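First the structure, then my questions, so here it is.
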């Protein structure tokens, strides 16, 4: 039994399909990175997994159950948000942010709370004296560490991290990523790591899922995916990443026309597009062990 | 008088500006049977048969030149003036009077002085000739005369074509009065002289503007824009001093203002309590402060001696003098005796142990009354009685007061040619209605069986000496019972400016009241006397 | 600076009113002098048309006026905060319904409603306070709702939910603390509004003329034609007292505004005063 | 470089706040040659934007330029009067801001935003100005019909392109680009960068390109300057930057970027946080975070040439 | 729910509530027109006359809900009835006399204070910290702290009574002929100075603050920086870029103010005897003139809703983002 099973998840906002037919699973202690272009539905997926948003179709199973009670779910699934400025309440102290989950999920009594808070701060590499400060007195990296500490206060099995480092300065990003890695190793916590920075997904290792236009179009081990991308979008994405070592390679295709409402969302930009692509969404096609993609061209290439 | 003098061509003087309308926008309604009609309807356009002049105490001829009572006091004969024409040129005659009175009799909902006598006492109305009207009453009620002759008369040839006189707005009035309508705007209107008027009138016309409140009126009067106005605060200082040669006022008094207690309520049913209250009141201060010293404190019967020469009994007044004079010690003693215990804080409790505190309500905007109420309240406070002054909208006030649901309020005694109406309101059981039923006259709800007999006798006689004797007895009852508490004599407010016109009535030339009062259309007596200033 | 001035004026006024029994031991109603006596040593601010000491009325009357204004401020703020927060937090149908009610209340003509209500209830400061609360909460509710709505979009609310907080607790412990300055500014504004609107009602005669307050002082001044008689002190004293109170609250509000909105707070200096300062 | 287009010398900017003056730009000197792309990188808050705004004198209170000169074609911009300053702006120095959504007036049609700058500086009529705007749109690959649109009706990439087109409206000699692609998706970023490169090749304007993404700079810039704590700490040609970067801070920065073809090596980032600008430590600002720091670092290191066309401010890497 | 049905629902619900309130509120007040009738006509009416008058006035004793049904059916036929206090003038005629003046006074004072206030606010924000900024907004604020009627009475007393510079009240004098002529226009203007001027004086502070606050927000936006970088002239930057954007939020408030022009001028009209609807409403309330009150309430609500609608529409025109 997987820790998390996402089955055929979909969400619409009015007419717009933000996420469609998303299915994936996560094991204990696994980091799964979800990458994709802006507006492809990454955050929407994350919010559905964190139960902040109700799915329109499909379901989310935690340890095989779709009906975990609210509080129990919260004690197992936590979330870290993109913006460390917005995710901490400017009116409350750091201590408050860490104490509340401890008390709510009975991880500590009121008496033990201060020590527990201090321990948490130390875990994420912060000075325990920060507990009495307000968020605006902390730097961005410190804030994001506090946000991570808050998620870890309840000792969750899964942390949904929605672009946890993209608002942080380059020099401190890596520290936060390393922290996540360490926590995974030490506590067997699983991460759903959302990002549009393919390099950092690869850095964390684990598996990677690529989203485009609401669909998960490719999945597989991060190293494999970044090395031998199968889906044309993944290829485009990787080619666009600035890479001083490799030198730039111009592969950009400008989108022409609106995104189609049927078929593969990538048709408008795809160099390999066929008529079939315009009418039907490609099925999941196995590329290699644990590596799959959804592209009609793929089947043909393999044939 | 009596004959039509040839009118001179209109003199080109300024219009006489008179304050009589309240409201920022005025509706064009000149129906004399509607209380919502414009002021000029009943005071400049349509005339009554005769006018009670309460300054001279005489009944002055208007459309009628005289009246006679039959020996049994049941038939009234009125002689009409010769040579009167309506403003459209049609001659005026007894048919018009007959028509007006019958119209009122047959059409319910018409407002007019004659309404009550027509419904209650009048038997038949006939016109033996063009200049005579004979009214037969069912019983001898001589005071009905004043109501009947005050009725404004309308032209038969016009009103017989009016479909519904109740909802008629009579936008282009045709009357016998000294003026006719010239321009009308919602903000005000102008009248010009009626060239066919039966008397000589020099002023070319009247101008009437609407004002929203007393302050606006005061401001207009004080800035000299008005020729004829009403109340001016502290007139010597604010008004006369500005232009002593031209600014004048004259405030004759015709009725008293009373502190009215609801005699159906527990402590107020006791005359001793009413008298105790009365003795606690600082009437001199009311006159000084609310009336700038321009009036007098009330006498014991609540009738101004000026207005009723010869009617008041000096011995009764002397007898009652004590009860209407400030004597705090006596008031306190009387309250102690009546069982009003005084607490440590100086406040009393009623014999039932409740706080001696009541609401004294006055209509919003009645500035002099509100001011007086303030003084009543502080006076009573000296004796340990609390009177909370509350101002309420007039309709709220009237429904509370006339419905008998008030505790304390102020009221004005009825004015009249004789004290009959006043005492009827004050003492007659016929005017007492059960609480909840509307009573506009006797809202203090006091009745006295002995007074009833005296009032009946009064009405049945037309002999003035006899009436005066009966009036003395009524005064005696009043002083003994003190149904309401007289405070001070209410002036008939009036102010005028002689820059443009002279000839206004004044203390030196007291030919008529100065106040313009829709109930007594004495302004008709003034118009002919006004002359352009030099 | 502005807030300090505002606070100081307010403190002096409030103290004077609190100390009324010491400053004017005879009470406001004692009518001991002649009408409209000009200011003198015996009567610092002269006497009114009733022969009462204007200074005594001012300090005693301030108690009623300030109490009334304060209760209206607190009352409307409470209702507005409650309604606004509930609407904003729960959103959806609840918000839809509450907003509808709020908008309808906003379209109901305020002043006429006040007059009708004031005529309906027994006159007095309590009635005026009630009437102003009934008619005054809607705008605040809309304001608080808008503010709370924008806060609700912020991630820390989602974070609190993820932590497992219950809705009411999120509102009380996470949303509310961020709204204090808005609420305080609104409270100030409401107190000012109540002070002027309340005195307007009293001035119109819809109050209780028997109780001394700044509004009824103006009512009496008008009733006794004080201005026309040249007794400006009876009129100007209460008017100025109201204006000073309202003005000082407005100054406080100004400062609170700056506290809410950091952009209003930045240090002075003309906008484009980027001077070039060079050595030598 | 005598033939420099822009020569900034000894420029200092302070923010004078309640808590004291923060020196956001500290005695900075650099030059931009005609047609050159100078990349400026550094951590958040190191003063990049302040420097960018100081050049066309766009800083607002409480910022104060306390020293230095900004020479553009021989004139010192800091000495110009208001009218002359306005006439230089955009016609000689144009700008592209980080977030085009915010930089375009939301209530004005795109066409008018082109037209007002064209008309202000050239005196062309409205119709002619719109014609010119249409040309510019075609140049950056936007359908000229879009000139009738409001900014919010365009996608993020289109807005950024439009901002670029507006910047080129008067064919300026220098375009300052302050993180023009940071808000965009990688794919879009690539697209815009290619657009910029192509246009520059055609029109020959110089660019001061600001970003915090060194990888990007290495791809697009001719020379790279690294800023730290208000100062420029290293300046070198882009071509060999990866290998030749000498300053410990620059090296730290480079070590903070995971790359798509690195294999499993652990990156460390730079521990610690940047110095306070209000009360900066004496000497080298990076000393507190530097592994090579020694006593010498208490004195400000000179900005010296350590290799041809390569300068750095560090005692440890000096010649 | 999408925007359009929601707006429609709002207007329907607001209309229904207004009509219901219009009917019941006046009838909940203490006192009734019948007693007032008795009081006013004391002694001049018999009981039968009174009944006849009550019938004519339409004051029936039927249960309230029945009266409400009658009222609704009349309303649907567009019948607003006759005024009781000005009986038998139709309500529409009574309102007709005040409508124009209220509109004139209201629009002039609201637009003037909005315009002046916004300009002061914009300039203060642009020159933040200058002497102008440290004087103008606080002064405007302090002027706005005076109770309105206090200012108005003081102005009336000083300008009209004491110095006699301006007319005492009303909308125009007797000596001019109403119509489209210069003399009348000048006279109307002279009569407008005090009422409108006092309203402007006390209401300007709010607009100043509003504009200053939103403007300061806008000044921080990148598009302002870009406008300056473009070398545009200062008036263009302040006008087309800063003020144009800053005015948007203020605009909704302007709508609210304009919507209230028929309701909010009671004190002005009382003090200056101005022949508008505010004073009529006050009179209607104090005389229990139900039909007039109902019609005025209806007018006020409808005008608020209409202005709301107009603001919605205008907002769409002014702010392309909400289209």
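When the chains are written out, they are named A, B, C, D and E in that same order, and each has its own residue count from 1.
Going forward, contacts are C-beta pairs under 8 Å (C-beta built on N, C-alpha and C of every residue); 3 or more make two chains touch, one makes a residue touch a chain.
These numbers were taken from a predicted model, which means no experiment stands behind them.
Common partners of subunit C and subunit D, by the touch rule above, are A, E.
Minimum number of contact steps separating subunit A from subunit B: 2. With chains reduced to the mean position of their C-alpha atoms, the one farthest from subunit A is B. Inter-chain centre distance (subunit B to subunit E, centres taken as mean C-alpha positions): 39 Å.
As a whole-number value, the distance joining the C-alpha centres of subunit A and subunit E reads 55 Å. Here the spacing of subunit C and subunit E, counted between their Cα centres, is 22 Å. Each chain gets a centre from the mean of its Cα atoms; for subunit A and subunit C, those two points are 50 Å apart.
Shown for subunit E are the residues that touch two or more other chains, namely 29-30, 128-129, 153, 157, 161, 270, 285-286. Contact with two or more other chains is made by residues 215, 219, 222, 364, 393, 396 of subunit B. Shared interface positions of subunit C, defined as residues touching 2 or more other chains, are 119, 204, 222, 228, 266-271. If you check the complex, the residues on subunit B that touch subunit C are 214-215, 218-219, 222, 233-234, 237-238, 285, 288-289, 360, 364-365, 367, 370-371, 373-375, 377-378, 381, 387-393, 396. Considering their complex, residues 53, 56, 58, 61, 85-91, 94-95, 97-99, 102-108, 116-117, 120-121, 150, 152-153, 166 of subunit D touch subunit E.
Of all the residues in subunit A, the ones that touch subunit C in their complex are 47, 50, 52, 70-71, 74-75, 77-79, 81-83, 86-92, 100-101, 104-105, 147, 150-151, 154. Contact residues on subunit C toward subunit A in their complex (touch as defined above): 154-156, 158-165, 173-174, 177-178, 180.
Residue ranges of subunit B in contact with subunit E, taken from their complex: 23-25, 27-29, 34-36, 107-113, 115-116, 119-120, 147, 166-169, 185-188, 190, 207, 209-213, 215-216, 219-220, 222-223, 225, 364, 393-396, 398-400, 402-403, 438, 440-441.
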